[in-house]
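Okay, handing you the structure first.
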Amino acid sequence: MTSDQVLIKLSSSVLSLDEATQFTTLPECGAVSVFIGITRDNCNGKTVLHLEYEAYEAMAVKEIQKICDHMLKTWDVRRIAVFHRLGYVPITEASVVIAVSSPHRKASLEAVEYCIDTLKATVPIWKKELYKEGDWIWKTNKECSWSKDAAS
Amino acid sequence: MTSDQVLIKLSSSVLSLDEATQFTTLPECGAVSVFIGITRDNCNGKTVLHLEYEAYEAMAVKEIQKICDHMLKTWDVRRIAVFHRLGYVPITEASVVIAVSSPHRKASLEAVEYCIDTLKATVPIWKKELYKEGDWIWKTNKECSWSKDAAS
Amino acid sequence: MQRQSLVEVRVLYFAKSRDLAGTAEEIIKVPDRVTSQLLLEIITDRHIELKTIQQNLILAVNQDYISEESGEIQLSTGDEIAVIPPLSGG
Amino acid sequence: MQRQSLVEVRVLYFAKSRDLAGTAEEIIKVPDRVTSQLLLEIITDRHIELKTIQQNLILAVNQDYISEESGEIQLSTGDEIAVIPPLSGG
């Protein structure tokens, strides 16, 4: 969904970094800070083949919108793009792209960190990690407050 | 200049965000943090037409390499790209692109902030800001320790 | 306790909760006034395998997280309940 | 003071220092042992207009910043001195 200042996408195809940075680039903004979360090839010694992401889509968008509202209230940021991948994601492809623009850099740097941290804590999206040995596991973010056995 | 882990470029053409993120993306890295410094259209109420950047090129590369060496020693980061524009830069084009990759995001987020802050304080590059009214000024970063009248 | 009616709600299951429940969604009848704890109990009684991760589940009603702090919740026919395992987005 | 020789060095001027000096570079003779303060004095004596921003200049020798803390510096023929105004990169 889009408003003037926020662009949120859940996508089953490759996320566009260019689209995120183009949406956030404004003449009055001297800074764009970007965070890209990428599919790693290993976790705790096991070789990861690929990921599969699943979302409660309507609520995920709603929770991301809340995060963005808080960012717009807290920092002098002007545009925010948050893209999250769904479905099959191979190694080294992006699972999340966040871009934030501000007139001066401190705001965008702080806001992008807040965004990824809070996304991991509140947005109903789940990652299945599939291993070379054929097994798989649903992961848990350590940021998730109701997990009793938070792993990475 | 390039090494295995660091890519530094001073360029008179458009900086490539794709090149920076492709260089830094590695299978063992779950995070890439990016900072893009963009040409703003105004400064203290004056309309900026464009910028012109100048560098003491050999020393600029050397100072950027020192920054990167410090980042590699201080954080678990794996690849760093630092691109800076030289010459004429129009409004909304990037003057600097920094990308940093790490297995986990905290390192890349902290390191990219350190990089832009320290670049502004130590790297011999100068920005001339040209205004609509026909005048211009050589700017001063407030991070520059030997400036007696630091402005923005 | 106040007299209660039953309402029909849609329950959605995701990730590990869907694997354990054996379904992505279902329609069930629940009391129209419940706490989140009671609602979770009702749901995990229907799918016993969910008991193994009950401590790691929370619920959302109409796309808003609820918790014990939410107190007693008023439900209506057609409401959507989501059974949410620990998150791993980002 | 120890007996001194003169050496030929290349001096580079950038940004505002180049505007005020009226040149991007020149070859000059300087003592082979100097402090940064003395070296800056020698350079700004050659280009009086630089006096207006002398407080905002530092020097680099062979691409390394120097300062009063550097103490006395040994110079050789062919060394490169840069006159560096306040930075504005990034």
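Every chain is named by a letter (A, B, C and D) in the order it is written, and numbering of its residues begins at 1.
Keep in mind that, in the parts below, contacts are C-beta pairs under 8 Å (C-beta built on N, C-alpha and C of every residue); 3 or more make two chains touch, one makes a residue touch a chain.
Treat the numbers as computed from the prediction; the structure is a model and nothing was measured.
> What's the farthest chain from subunit B if centres are computed as the mean of the Cα atoms?
C
> Between subunit A and subunit D, what distance separates the C-alpha centroids? Give it in angstrom.
The separation of the two C-alpha centroids amounts to 50 Å.
> Between subunit C and subunit D, tell me the centre distance in angstrom, where each centre is the average of that chain's C-alpha atoms.
Centre-to-centre distance between subunit C and subunit D: 74 Å.
> Give, as an integer number of Å, the spacing between the C-alpha centres of subunit D and subunit B.
Computed value for the inter-centroid distance: 26 Å.
> For subunit C, jot down the residues that touch at least 2 other chains.
none
> Where in subunit A do residues touch two or more other chains at once?
Counting only residues that touch two or more other chains, subunit A contributes 37, 116.
> Taking chains as nodes and touches as edges, what kind of graph is this: line, ring, star, complete or other?
The chain contacts form an open line.
> Spell out all pairs of chains that touch, sorted by label.
A-B, A-C, B-D
> For subunit B, which residues count as touching subunit A in their complex?
17-18, 21, 25-42, 91-92, 101, 103, 105, 109, 112-113, 116
> Show me the residue ranges of subunit B that touch subunit D in the complex, using the header's touch definition.
Touch list, subunit B to subunit D: 37, 53-56, 58-60, 62, 84, 95-96, 116, 119-128, 138-141, 143-144, 146-150.
> Which part of subunit C faces subunit A closely enough to touch in the complex?
Subunit C reaches subunit A through residues 12, 14-16, 19, 55-58, 60, 63, 65, 82, 84-90.
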